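When the chains are written out, they are named A, B, C, D, E and F in that same order, and each has its own residue count from 1.
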Amino acid sequence: MKKIEAIIKPFKLEEVKEALATLEISGMTITEVKGYGRQQGHTELYRGAEYVVDFIPKLKIELAVTEEMVDEVVQKIAAAAKTGKIGDGKIFVSSLEKIIRIRTLEEDREAI
Amino acid sequence: MKKIEAIIKPFKLEEVKEALATLEISGMTITEVKGYGRQQGHTELYRGAEYVVDFIPKLKIELAVTEEMVDEVVQKIAAAAKTGKIGDGKIFVSSLEKIIRIRTLEEDREAI
Amino acid sequence: MKKIEAIIKPFKLEEVKEALATLEISGMTITEVKGYGRQQGHTELYRGAEYVVDFIPKLKIELAVTEEMVDEVVQKIAAAAKTGKIGDGKIFVSSLEKIIRIRTLEEDREAI
Amino acid sequence: MENLADVSYVLNTFFALFAMVLIIFMVPGFAMLEAGLVRSKNVTAVLTVNTMIYAVASLAFLLVGYSLAFGSWENDSMSKWAAFLFQMAFVGKVINIMSGGVSERIRVLPLALFGVIMSAFIYPVVVNVSWGADFLAGTFLDLEMYDLAGSSVIHSTGGWALLAAILITGARRGKYTKEGRIRAIPASNIPLVTLGAFLLWIGWFGFNGGSVGSIASKESADAVALTIMNTNTAGLAGALSAALIMYIQYKKFDITMILNGALGGLVAITAGPNLYDIYTPLLIGAIGATLVVFAVPFFDRLRIDDPVGALSVHLVNGIWGTIAVGIFSDKSLLLQLKGIIVVALFAFVASYVVLYVINKLIPLRVSQEDEYDGLDLAECGMESYPEFVKS
Amino acid sequence: MENLADVSYVLNTFFALFAMVLIIFMVPGFAMLEAGLVRSKNVTAVLTVNTMIYAVASLAFLLVGYSLAFGSWENDSMSKWAAFLFQMAFVGKVINIMSGGVSERIRVLPLALFGVIMSAFIYPVVVNVSWGADFLAGTFLDLEMYDLAGSSVIHSTGGWALLAAILITGARRGKYTKEGRIRAIPASNIPLVTLGAFLLWIGWFGFNGGSVGSIASKESADAVALTIMNTNTAGLAGALSAALIMYIQYKKFDITMILNGALGGLVAITAGPNLYDIYTPLLIGAIGATLVVFAVPFFDRLRIDDPVGALSVHLVNGIWGTIAVGIFSDKSLLLQLKGIIVVALFAFVASYVVLYVINKLIPLRVSQEDEYDGLDLAECGMESYPEFVKS
Amino acid sequence: MENLADVSYVLNTFFALFAMVLIIFMVPGFAMLEAGLVRSKNVTAVLTVNTMIYAVASLAFLLVGYSLAFGSWENDSMSKWAAFLFQMAFVGKVINIMSGGVSERIRVLPLALFGVIMSAFIYPVVVNVSWGADFLAGTFLDLEMYDLAGSSVIHSTGGWALLAAILITGARRGKYTKEGRIRAIPASNIPLVTLGAFLLWIGWFGFNGGSVGSIASKESADAVALTIMNTNTAGLAGALSAALIMYIQYKKFDITMILNGALGGLVAITAGPNLYDIYTPLLIGAIGATLVVFAVPFFDRLRIDDPVGALSVHLVNGIWGTIAVGIFSDKSLLLQLKGIIVVALFAFVASYVVLYVINKLIPLRVSQEDEYDGLDLAECGMESYPEFVKS
């Protein structure tokens, strides 16, 4: 089993969710994160002084999938999350040794 | 060394913490996340219109442990976090190549 | 490629960021987390009753790097985040199988 | 003091100042209500709009509008400055009503410009023909309706301006999906909504009580007290009715609807709180709240996107309150209806034209990207709650 | 105006309206205080309860309670509508006192029902025998205590009702652990707590000042001013005393306790602010705050779970304030004690019976799951701060 | 009532109480403004400081300061208690002005101590020689400036005390970097800032209106109404001017600056709102706001760290307002300048010495670690928003 972690622009969540639904993937976990990268932060103003906020809100989507689905899922996410502008984010794939569904104690494939 | 990530229902944190204390595990890192899965989100009302909030608050517990403790820890967490109802969450196990304790620069087993 | 996750004290972020900048690492993802460990939580007061808040705010830095940079990055982070007092945090290194940059679909080294 | 006439003058001045202060509580009232109802990325912008409106509308009224409305500053029954202040306290409200309903997409600058024109010209003309110098007196267009504290003059005028503004600017992106679904966009801060609604409610005591015009005789004092009592009763009945309707429909107490119901009742009573016995306001307020509860989804079905429910509260109940005077008092229903129509035509057309022209010069609406990121950054460069992690 | 009697009538009417408006600020005052003190998952529910109470209690008092309390609406010294409004402003407070202390577990509907009965019957009876028509005059149960603005009539009545409600509904889950530990459940929003406390404080000026009943003579004006001054002084002394006690114990300034100390001082002075010289309130307020500081943990040890400290503030200091009149003025201590006991018996028993019956029909308490998820979702279907990530 | 003199007495008492109540709204006003402007880790501490100041300053003024300032409590024109309450309402403001500017680093206890000395001695002396018993009458140091409601007496005094406090405590850590950069430390809660600013604005009506001293004649009533009107106009002009300057510079509407501009205008008008025609306040307010907009970065360049902009609002405009009287009315500019200098010397030196001594006994400043973690934990042991995840 693999774990896919995707850092995306927050407003793309809905589209990514819909794209994954077409693969019948219905489970995922979302975290609010802040990203730092090539994308420049925006300028804010405070009492007559401008300053740069360099951490930009992003969403991290975490997803456990079976080996054979990895490529398709990654592609779908990338397609749905893409705007073509700087700051679109990254997808990381790593390996999972075990998955357990707490409710049933099912393991691995059955647990996804 | 292994990394255990458990997505649980937030109100189970106290019990999981106590369960882990019996194994003398005293370190962990908690993140507020939102989960999407089989569990249906709840319905909210806003000015006369009902709508579904489909992301449900969950907690992610991250835990670095030695190889030999993995099974026990996973079992304890699963037992403590279980309600038997949909949405209890998942546990993921993956492998860690290195751990460093920043304070002392100890590594691996000593760093946990 | 490797993934480095560092749990640090929040006020050390600026220094860590600067240390990484010297390695020309400009991308990272930050999450607000809560830590539980050897470091004691602080005491709060509420209407005449004292109580202990045992989860302490920490930051998690996630960083994808190439193999050859891992050691240097880990060292820099550890040096910058260190106060020498309990609760300085941990660094975890694990392996990544794939990285995709969503904007360009570049992979792995090019995607970092 | 030399004689009882002086005592009257002093009492009326003092009372007008008291009433005016209560109305000024509606400035933070509207600001908190609207800041609570919008998403957190638009809160600073909403607060800025409210502050700017108070500034530009009051100044335009001071420099131009007041003279236009009343012809002269002279006043025998109270200090002319107090009389001005009381009237000045009204003018921002007309624009607040309008600005709230186009929140989350309208820019500050063109809105402020519209505020200037509204309070220097459009609103003063409405006041002129209803409460003021009445330059149309004797003509066919003369407004002879009874409207003590402005169900039509204030609330409908603001409501029609809002309708014009919504038609020109359009709905918030994402409110209505391509598939025709209406998406709920929940309020970000319910305590602020509640605080704002109660500040408005308290302001209403000054608004309506002060509109009696004098407190300096037994009869006037009675009229003032009855006015405040009936005002409050209509608000109470509105809150309760909205609560019951929502509870029956959803088995839930929807506080935003309960507060909107209260405000709807308050708007509805405003045309004639001094005309009714103490029980009629129960009915007027209850009907007002019912109208709100059904108007909110009705406007949504028409894809008229009003994030704070201002059309349902102010326009619908401004009309209902003006009609109610014709039904529950001895005033002529016909004249009330005529008043409603004249105000509608003038306020809507004038606002539409002005907004249309402004929109050509300075677009009312923010860009798509700015709307997504929130108006706080685009318009003010400042987040409302920068430290709180948002989801 | 025709003569000085009219001037008095007008002044008293105006002053009663002024006082009433200040008291209405206590509606958002209680709402913000309680919304700040509960966890964010129960904030919308608390705000809804406060709004519903204002609506149902005032309407029940208008339709039934006021006549029951005072026998007649007639009034010579001021507009009868102003006199009503002033009294109406009180009634919701009695129930606010009670509702705050059962926050985070009580359902809106049965609470609103209790509000109706409280303000239509229970509270009017207490008023009847103390300030009102006095149907027990001459009998053994007649209340002859001195209680200017309601240390007993308002605050103790509300406090006894709260005690009944807590005994019937029980503590919040998790407040007292199986091992006997008392868990602190911190306030979610300290600025709201502070705002609410100061709105209450300001409302108190109207509450106590207005209770003097007239401002229309030199003596009355002096009495009103002294009343407001002493009211304020007791609040100040309460705040300072609570601060010192907490600082000595914990080396920390616990703002929730400081504000509760101020409120305790305000409750304690309420029975006789016009009776004391300007220094006595220092003592009365300081003792009031001390009682609060020690009562809060005391009730916790008894496992009487009161999330906002209403018992310590209102019940304990309602009693203390009523006694203080017997100690620091020439009123009979015995009659004061008798008043305390009669109010205690009647208010507690009547509230207990009514709540007991309601509880059988519509359970007061939410289900365990709803309590865990928060009353906002279960009762209102609406989160208070939906965008802020919560921990 | 027996005669017209009694009517005057009653009216003046009632009006003083009304004015005092408005000023007390400035207590939550300052508290909300400052709680909104600081980072969320220092919010509880700021609220605690504001509450403590109200308590200790008012009590010290009651026990010592008032007699020192006015010599006697006697009063013919209104109830002496009302006269006291009105003056008491001022005293906390002087210290609020000062405490806001040293937020996020100053400890509660020494600040409260300073509050006692300020309100028992320093401020009463300033009042004595300006509005009060005038023990220096006839001497060279006598203050003969005109300062109706305290541009100098209140705002400059508070501002000089603040300057002394900042010089002694230093800037917040991290505000000025080693490389000489000025870091922006954004406000944590913009709705609270806005609410606070409007509560202050409303309080100002009481502050300035009440300072006329009487409402009980046609002339007085006119003076009061004009005072309130001009006060408001200066605030409006201040808000608008700040908005325009910021918009021209940054194409953004910076609400914190707009509100500070309004407050600057309000401070500037305070010395003589009754002296001007209705247009002069436009100019005075606009200049006031301009001064604020340029003073804020100016103080930052001097590394004088004032998180809420109190120096720019209160000190700079206190001086400007006092000068404005000399320019726009027939009062002597020279006497105004002399007044400014005497107040500056006395208030700054006295505050500096007292703070210096206190600092030796109980350090004003929190430790570096406590400052990093936030004063809420160190000073109050209580987070302001414990459930919201912070970034």
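Everything below uses one rule, namely that a contact is a pair of C-beta atoms (placed from the backbone, for glycine too) under 8 Å apart; a residue touches a chain by one contact, two chains touch by 3 or more.
On a predicted model such as this, the values are computed, not experimentally measured, just so you know.
A.B. asks: Since subunit B and subunit C are copies of the same chain sequence, what is the angle of the rotation superposing the Cα atoms of one on the other, rounded to the nearest 5°?
C.D. replies: 120
A.B. asks: Could you see whether C-F or A-F has the larger number of C-beta contact pairs?
C.D. replies: A-F
A.B. asks: Taking each chain's centre as the mean of its CA atoms, how far is subunit A from subunit E in angstrom?
C.D. replies: 51
A.B. asks: Report the inter-chain centroid distance for subunit E and subunit F in whole angstrom, where each centroid is the mean of the CA atoms.
C.D. replies: 33
A.B. asks: Enumerate the residues of subunit E that touch no fewer than two other chains.
C.D. replies: 7, 11, 14, 18, 186-187, 189, 195, 250, 252, 254, 256, 380-383, 385-386, 388-391
A.B. asks: Which residues belonging to subunit B are in contact with no fewer than two other chains?
C.D. replies: In subunit B, the residues touching two or more other chains are 31-32, 34, 44-46, 50, 55, 94-95.
A.B. asks: Is the way these chains touch best called a line, a ring, a star, complete, or other?
C.D. replies: other
A.B. asks: Output every touching chain pair, sorted by label.
C.D. replies: Applying the touch criterion to every chain pair yields A-B, A-C, A-D, A-F, B-C, B-D, B-E, C-E, C-F, D-E, D-F, E-F.
A.B. asks: Per the contact definition, I'd like the list of subunit B residues that touch subunit D in the complex.
C.D. replies: Going through subunit B, the ones touching subunit D are 34, 44-51, 55.
A.B. asks: Which bits of subunit B are touching subunit E when the two form their complex?
C.D. replies: 11, 32, 42-46, 50, 57
A.B. asks: Would you tell me which residues of subunit D are touching subunit E in their complex?
C.D. replies: My answer: residues 4, 7-8, 11, 14-15, 18, 22, 39-40, 186-191, 194-195, 198-199, 201-202, 205, 209, 215-218, 220-222, 224-226, 228-229, 232-233, 236-237, 239-240, 243, 247, 250, 252-256, 258-259, 262, 278, 282, 385, 388-391.
A.B. asks: Note which residues of subunit E are touching subunit D in the complex, please.
C.D. replies: For this pair, the touching residues of subunit E are 1-3, 6-7, 9-11, 13-14, 16-18, 20-21, 24-25, 27-28, 31-32, 35-36, 43-44, 47-48, 50-52, 54-56, 58-59, 62, 78-82, 84-85, 88, 108-109, 189, 192, 195, 379-389.
A.B. asks: What residues on subunit B touch subunit C, complex-wise?
C.D. replies: The contact residues of subunit B facing subunit C are 3, 17, 26-32, 62, 64, 94-103, 105, 111.
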